[in-house]
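Quick heads-up: structures coming right below.
Okay, so chain A shows up in both of these, paired with chain B first and chain C after.
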Partner chain A sequence: MTETIGYQRPELVCPAGTPAGLRTAVDAGADAVYCGLQNETNARNFPGLNFTPVELEQSLAYAHARGAKVLLAVNTFPPAGRFDLWRDAIDLAARLGVDAVIVADIGVADYAAQAHPALRLHLSVQAGASSPEAIRFYCQEFGVKRVVLPRMLTVAEIAALHREIPCEIEAFIFGNIGMMAEGRCSLTNYVTGVSTNMDGVCSPAADVRYEQDARHTLTTKLGPVVIDRFIRGESAGYPTICKGRYLCSAKKDPYYAFEEPVSLNLSALLPDLMRAGVTALKIEGRQRSRAYVKDVVCAFRKAVDDLMAGGDAAFASLLALTEGRRETEGTFRTKRWR
Partner chain B sequence: MEIMVEAGASEVTLGPVLFNWAPERWRDFYFHIADEAPVEIVYLGEVICSKRAPLFEPHLEAVATRLAAAGKTVVFSTLTEVMSKLDRKLVESAGSGDLVEANDASAFPYLQGRPHHVGPFINVYNERTLAVLARGGACNVCLPVEMPAAAIRTLAAAAGRLDVTVEVQVFGRMPLALSARCYHARAHGRTKDSCQFVCENDPDGMVLSTLENKPFLTVNGIQTLSYDYLDLSGDLATLQDMGVRRFRISPHSCDMVAVASIFRAALDGRIDAQEAHAQLEALRLQAPFSNGFFHGRVGNRWNWPAMH
Partner chain C sequence: MPLALLQPVLNRIATHVAGARPELFDRLGPHAGKRFLIDPVDFPFVLVLTPERKAPRLNAHRRHERPAHDAAIAGTFANLLDMIDGTLDGDAMFFSRDLAVSGDTEAIVALRNALDDFEGSALAAAIGSFGPFAGPASFVLSGFRASRGAGS
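Now for the complex of A and B:
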């Protein structure tokens, strides 16, 4: 059967925002979970999320006992003078025996490769490596074994890329669309003074405001900046700058200048992605609820298993789990989206 | 102890034109810079969209020759985002040029082992990253625009030990984000592939305003810039004290010879911070100034130099 379907069994990589979330994802059938520490070393540095060193150790035991891998995201950019925090995260990962660390910063990758040569390195989407040349640089310099691809390539481009690089590919299949090239966006810092790259926070909750007027129109703000407005009955999205509505000279009415509030859903493209040589399928959403994680992981677990058994991937609708109940295949199916 | 700053050690550099200017205007701009602007280094090349590169190509040699003849060092800047065959070809061809500024890791394989610059679109935030890049031949690093002063100070000291020059953007709209999608095309109901170069209508980018009609951001193809113009003229002495030696002004449609002259005069101590800022204000740019990132605050905030 394997010869006819033409692809390897992919690893399903699932989000673990908390220890409870990790157990949920593992129980739902995740092959691997990814998580971060409770500090600036990872790109989801939100209050109430992430792991203490002790929780990480316990979670590793839980996952490993059930055959699941744990990947630690150390995927932000330490500013000069603060490297120790990131160095400690790498040392901890090596000491506890995580299955891989996901790095973005050249200095952090270099430290990990030098200090812990046996530690497996994955290149984070935050590194923004989108060409064979860029990916090969990280493989050659730091021994990176897998690249998490930016959400900016078509499946055909991924297949071509696969043939030109010496490492595995991990691709996002579900969750946030990630409009801006990650690791290269300072929009949050521009209005809140908190840096996505250095502090690991995009659109921090502390700067988010929801204001309702007498007519029940809801205005969402980030810092002092109006991101969007919703009339009564419309469901309001979380105010991130790249999902807001703006005015420009080319348009009569306010419009989503970057992207509508939609989620990425590549369930229909799963076989194509697997045939393109994608080794790992990544579900986004460490900040989402356990119920969400359970539903999404279960759906994709079944889909992957069905495909591997030679059948079709029959999806129960995931639309209810998408942002604003809208979904997109982003750049993946056609270049026309760009 | 008195710190002696070597006379003429501070250089004004001109970053690459980020926008899609008409080719003749682009050429004439650089001729003007070559003849009149007190800048030491000029970065040339299309860094935002590989589709634009052929537009400037016919004038590139004449421009580079004229700049070099005027005593400017010419550095070829590479693309910030590299995906397509065309993108990759453009990076490869720049890689064979003389002195190159890498703006994406895609350029590194072509530059390893020979002296090159690293642009502000590559994340150099810390000493270890700097050391790795220096090992590969980097001799000049222009820091990301969101770097706060404290980190710049530490990094500049490390750079000194590695014999790497540190460069900091001090003027112009701040690059804030890159994307796969062309927002210029999108605003006009087109896609990146069918754009018909609509970005040519906006020589300083297309302004996005909030629903309250407050100008907020600027779109330049796949790039998002600040609406405000960065002005670090009030912080030059601090930057010099940190060991920063190169000060980058980013080209806009305003009088860039005047901008260069203002920064030259301020760096030489011929005018003070207030005077430099006043002279920049007199250029009547479309948008206000900000300098918040450097001061470790909200990026679009303005802090009067006298206040720190």
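Now for the complex of A and C:
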């Protein structure tokens, strides 16, 4: 890293759902790209998405030839008796020479540290480590080099945390923002029987139904649960329980019980995050298209470069890409974000 | 436009894309045999894509025929074109209600992800397969895009 005008140049960490998405991210200026395998070991285990071992190997060659890193997300929690799949993913990552593995589970972290001590470990947001004590534990026990912080801290808290931990910090700057208890969500599991944290699927598509009536009212369902109804012209959101709008006897109108359909966008807080000691800025969205990856990565690449050059960051609007066409700074500016 | 004139062109697109990118079917997995209704809402016809590995089909039907399908995706022709081409994000179109999906959502997600992994432009590749007619086809398409100001 180089140091200029009070900032350290942050690494721009970008999503890739497919090999073409990875090439798009690298070409758009990603410093690092994160991706997952086509199984339950990663938290975006969606149909048609992710990488075969051969595709991962080819993608590593593409990224490395252009000076970009590849991080492999092995960030779900193995159920009892199924550890082999996660162990194989770690072994593959080491054999192919990925630049880091993003882990969430203590057992997976321990296996990686024991079997492949040279393999760089990042702690996934799914681990939900947000205190200096928790993060130091992962660093001391497993040699974790970077923590991806849960989206529940203010920038001031991140700066304070930075002074107390022995590893790098990666912070989300754009994309989906879910419930503030990452790695502990059981809502999908409750409704569908499939787990976000163990099967890698939040709102599995097989259980999602969209119904639009003659008046263009869109009803979104997950299994038997009606998640939301959007009237004609109203922006829609993802079919996730945590962003559903529900009827409740305590409320007169349907209301968002947990969180609203909205995306995180920390464009305005970018200089503050860079001053707070954040090493890496993360863009969410492995389930999104190449078009999304290109637009978002290009916008943040230019902003970071402008700031590093001593100028102001001029952002093109990314509102059209946000869920519900709405943006939030979540908890990063204040804990009272709603 | 008589659909009889359109059908040979659609057959050519289906067989060319399937031949050029067989890995597309790996991403589709068990959904490769399903029937996807593609509904350009501003056109008088709809398409049914059956992306079977050995015999991929893309058939045009008059809208009133209501062809059988497992999943459906509807939007303006221009938006569908740009989404297939990788220049528009399908989720963003869904958020803005410019894209409607129904039926087997898992099949739709698999198809979207499979097409998004198509290197470069799937459409350009299909047009390129028309040999001496590729130039005129590309010219017509560019004219169409320019006329709606997409600039993509």
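Here, the second predicted complex is superposed on the first by the 325 of 338 C-alpha atoms of A that agree within 3 Å, B and C clash if a C-alpha of one lies under 4 Å from a C-alpha of the other, contacts with A are read in each partner's own complex, and residues count from 1 in each chain.
FYI, contacts are C-beta pairs under 8 Å (C-beta built on N, C-alpha and C of every residue); 3 or more make two chains touch, one makes a residue touch a chain.
This one's a predicted model, so the numbers in the text were calculated from it and none came from an experiment.
J.: Following the overlay on chain A, give me a clash-or-fit verdict for chain B and chain C.
T.: Pair status: fit.
J.: With both complexes overlaid on chain A, does A:118 touch chain B (first), chain C (second), both or neither?
T.: A:118 sits against neither chain B nor chain C.
J.: Contact-wise, after the overlay, does A:214 reach chain B, chain C, both or neither (first, second, both, neither)?
T.: neither
J.: After superposition on the shared chain, which partner residues are touched by A:46: those of chain B (first), chain C (second), both, or neither?
T.: The second partner, chain C, only.
J.: Tell me which of chain B and chain C touches more residues of chain A.
T.: Comparing chain B with chain C, the partner touching more chain A residues is B.
J.: Check the residue A:20 against both partner chains and state whether it touches chain B (first), chain C (second), both, or neither.
T.: second
J.: Considering only touches as defined above, state whether A:309 meets chain B (first), chain C (second), both or neither.
T.: Neither partner.
J.: Quick one: classify A:65 as touching chain B (first), chain C (second), both or neither.
T.: A:65: touches no partner chain.
J.: By the touch definition at the top of the document, which applies to A:233: first (chain B), second (chain C), both, or neither?
T.: A:233 contacts chain C only, not chain B.
J.: Going by the contact rule set out at the top, does A:291 touch chain B (first), chain C (second), both, or neither?
T.: Only chain C; A:291 stays clear of chain B.
J.: Once both structures are overlaid, what angle do chain B and chain C make about chain A, taking C-alpha centres and a multiple of 10 degrees?
T.: Value: 120 degrees, nearest 10.
J.: Nearest approach of chain B to chain C by C-alpha atoms in the superposition, in Å, rounded to an integer.
T.: Minimum C-alpha separation, chain B to chain C: 18 Å.
J.: Which chain A residues are contacted by chain C in one complex and by chain B in the other?
T.: None.
J.: Once bound in the complex, which stretches of chain A touch chain C?
T.: Touching chain C: residues 17-21, 23, 46-49, 52, 204-206, 208-212, 216, 218, 230, 232-237, 261, 287-292, 295, 320-325 of chain A.
J.: What does chain A use to touch chain B in their complex?
T.: 77-83, 104-108, 110-111, 127-134, 136-138, 141, 150-153, 157, 179-181, 183-187, 189-193, 195, 197-198, 219, 223, 225-229, 241-242, 244-251, 254-255, 257-259, 331, 335-338
J.: Under the stated contact criterion, what part of chain C meets chain A in this complex?
T.: 26-29, 31, 83, 86-92, 94-97, 100-102, 105-114, 116-119
J.: Taking the complex as given, what residues does chain B use to touch chain A?
T.: Those in contact with chain A are residues 80-84, 87-88, 91, 104-110, 121, 123-133, 144-148, 150-155, 158, 174, 176-183, 186-188, 191-193, 206-214, 216-217, 219, 224, 226, 292-293, 296-301.
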